[in-house]
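To keep things simple, chains are lettered A, B, C, D, E and F as they appear, and every chain counts its residues starting from 1.
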Amino acid sequence: MDKLSHLDENGSVRMVDIGDKPVSRRVAVAEAVLVVGQEIMSAIEEGRTPKGNVYETARLAGIMAAKRTSELIPLTHQVPLDHVGIELESGADRIRIIATASTRAATGVEMEALAAASVAGLTLYDMLKALSKTMTLTGLRLLAKSGGRSGDYQSGALSQ
Amino acid sequence: MDKLSHLDENGSVRMVDIGDKPVSRRVAVAEAVLVVGQEIMSAIEEGRTPKGNVYETARLAGIMAAKRTSELIPLTHQVPLDHVGIELESGADRIRIIATASTRAATGVEMEALAAASVAGLTLYDMLKALSKTMTLTGLRLLAKSGGRSGDYQSGALSQ
Amino acid sequence: MDKLSHLDENGSVRMVDIGDKPVSRRVAVAEAVLVVGQEIMSAIEEGRTPKGNVYETARLAGIMAAKRTSELIPLTHQVPLDHVGIELESGADRIRIIATASTRAATGVEMEALAAASVAGLTLYDMLKALSKTMTLTGLRLLAKSGGRSGDYQSGALSQ
Amino acid sequence: MDKLSHLDENGSVRMVDIGDKPVSRRVAVAEAVLVVGQEIMSAIEEGRTPKGNVYETARLAGIMAAKRTSELIPLTHQVPLDHVGIELESGADRIRIIATASTRAATGVEMEALAAASVAGLTLYDMLKALSKTMTLTGLRLLAKSGGRSGDYQSGALSQ
Amino acid sequence: MDKLSHLDENGSVRMVDIGDKPVSRRVAVAEAVLVVGQEIMSAIEEGRTPKGNVYETARLAGIMAAKRTSELIPLTHQVPLDHVGIELESGADRIRIIATASTRAATGVEMEALAAASVAGLTLYDMLKALSKTMTLTGLRLLAKSGGRSGDYQSGALSQ
Amino acid sequence: MDKLSHLDENGSVRMVDIGDKPVSRRVAVAEAVLVVGQEIMSAIEEGRTPKGNVYETARLAGIMAAKRTSELIPLTHQVPLDHVGIELESGADRIRIIATASTRAATGVEMEALAAASVAGLTLYDMLKALSKTMTLTGLRLLAKSGGRSGDYQSGALSQ
């Protein structure tokens, strides 16, 4: 039987006990991409659609969501974040969201980075949805993590 | 200049005033897909990896997140939901998440359905992440909505 | 198979769809009893232990918890409460907590009343725990409810 | 004895029962002023200190706080807001914050407007505090309210 | 005058200052019992009423509530939990809930364990309430605690 | 260009990275004044208007708000507070609120102290608003801070 850390020997849900894990510096980077279409991106980049406050609202929403990850994802621990950063890159038909979370704690912050990227993406969607109903948030995944017992990880995409 | 409902004439963020909109029944359906890989899906479907509690935890997390959408997405309204439903379908290498939200309110519940699908997907990720770090949540989008001034909407995917 | 409203035909958790239920006035009354022991109750009643602010803190905590029931109990609906009342009655060795919740909504407020009584009781416990570690919160139950399709209910205890 | 609506006949705290009050349109407007000093305001207005994102962050924080007023002010009711608006006006040495909240509900939204103005002001303070530790948030008060049994109200300041 | 740690010399509520207390490992165990009746318990144990998802939902709700104890019980501190565990034991007419909370912090986690047991019990109640309105949550109390200045504690019940 | 710690080199909002800052003891003291008028203050001081529970409710609200500052002020860090204290002083026509927050953390608690004073003041306003609509919360500011890289600070008002 494969072992899932969030299920105990009876298959019941559980919170992993991190009481024996030392506090260490941990960083996680996650990515998501909101595909909005070329027309909207042109409008944004040419200034016909305002960009600044759309992007800033998404950034703030992502940062605020990261701080509340333990309320959203049931079996995560409460982690005091040292930093949350949200970068937004405009592409031809898409906006790339890169979220970084870091802490000094006894558990990692992958879910915090993923939650930040996800909520930043949803907020971009909300801000732009008057223009299109066919936007899609795609490619939400972990790009890299460092610190902790399980060692460092880097996705192929990032290491290229 | 294209008009974004969440920005005012000066480009400042604003919450849309729904004071003149009547209360009506509104439904939204959103979808997301967690690509987990064939090996993990085989293990889940053959019972080597427990399925029930992983899926139920995701369902509960999605339902609970939908109720708190107005705390996550800055410019959304507080909407009392009549129902949130989360369906999970196992595919060959992926889990499809379909979230439905409904209300009787003066504004739509697209963001509630999207938030539910997104947090259900993130929770699946959290539950399964001991098995893989390369999972990706993809295709988070609106499938359909009904009710409200802007009329009904159905994505091509759903209407097929 | 007995039917649980919070499980669907496959046994998966679900939020009950209240979209077809009319809005009506609903009230629920719940009770809990904190057994603190005769000595502490004598001290409280004779004024050797301050009573006012202990009781008021419990009252406020119960009222505030009732408003957030939908965040605590996973499958409950968000219900805007018209009123929450917390009565505290001193007995020989115990404090009786009676919580009333009322709303105009499409679903009942039993869980709101129970959550209010429970958190008021836990707060009394927290306020008094410097005096005793053997307090017990007991008898948390529904005393009465009115409104809604399932009709009125009154526990034997209340109707006596 | 003067009557405070939030205390019962025994002087205990209580939530006002609004079960008999009809739902009606209600609006409240509140104001606060952050005194930041002439130097900082000159820097902001001349563009030496960035203005846009400081102001937008405050606006978003005020809007989000208004939606959560019932979690902050213990005896307030949960009120679904139709609209929250935050205007920011630059003065010679100060930033004026005007917050408007509106609803269709059985109780007023004064506290929502005041909470929005207050948190928007605190957020401006947080954004600018690297420049000065002597800023003061002042003049937080109700400018006007309409709707509800107690009739309309307009402060002298507004009616001038 | 007996001293309550949550009241100051004037009898006003206060948060205990833990600034001088060292961080140490602390564990607390709390118990509650939901009396549901023999009929319902037979149905659950014989599989006529589904058990798994009812119990898992309660477990998740208890874990999530423990993480938010400082929002529910007014004078508690924010404590980052290393672990929350919820065990559920089926009896002839009742379900026993045992909640364990642990941390490395400057204050104990009794209230976290009690909140977890209480909310897990309320969630069981909510899941089963279609079957019975006469269930009672009883015997919510501290079973044991260890760590911290006040030393270890074990209730008679546990030490037997 | 003046540097705001909450904006990056592009002027986008950011959370300050405190990952390199050591954990140290930090204290902040903030003040606010609710001007309520001589008549109301006389009524309060002469006991015609109840004082105890009005003040205690404000105290509790301030303490609870301090613990949730990171949810209210977007770019603040989550800080586990060792202590929050709220003092209330009755003046001839006003109530002075002094809020103290302390922690052992890598960042300061000015915003926590300010949020506590602000929400305590708003709660006083809410409790007393049946008596007057012209109350004003004024003079919300930092009185003192100690600990951290930027050194101690004391406002003129406090040092007098």
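To be clear about the criterion, a residue touches a chain if its C-beta (ideal position, glycine included) is under 8 Å from a C-beta of that chain, and two chains touch if they have at least 3 such contacts.
As the structure is a prediction and not an experimental result, all values here were calculated from the model.
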Shared chain contacts [chain C and chain D, defined touch]: B, F
Far-end chain from chain D, centres as C-alpha averages: E
Most distant chain from chain F, judged by the mean position of its C-alpha atoms: B
Chain pair, C-F or B-D, that carries the greater number of C-beta contacts: B-D
Rotation angle (°) superposing Cα atoms of chain A on chain E, nearest 5: 120
Separation of mean Cα positions, chain C and chain B [Å, integer]: 32
Rounded Å distance between chain D and chain E, as computed from the means of their C-alpha atoms: 37
Rounded Å distance between chain C and chain E, as computed from the means of their C-alpha atoms: 16
Shared-contact residues (touching 2 or more other chains) in chain D: 12-13, 52-53, 56-57, 60, 64, 68, 71, 74-75, 78, 80
Touch-based graph of the chains, sorted into line, ring, star, complete or other: other
Pairs of chains in contact (touch as defined earlier), listed by label: A-B, A-D, A-E, A-F, B-C, B-D, B-E, C-D, C-E, C-F, D-F, E-F
Complex interface listing, chain C residues touching chain B: 12-19, 70-71, 74-75, 77-80, 105-106
Complex contact set, residues of chain B against chain E: 52-53, 56-57, 60, 64
Residues on chain E engaged by chain C in the complex (per definition of touch): 1-7, 11-13, 32, 43, 48-50, 52-54, 57, 60-61, 64-65, 68, 71-76, 110-111, 114-115, 118-119, 121-123, 125-131, 133-142, 145, 153, 155
Residues of chain E defined as touching chain A within the complex: 25, 55-56, 59-60, 63-64, 67-68, 78, 80-85, 102, 104
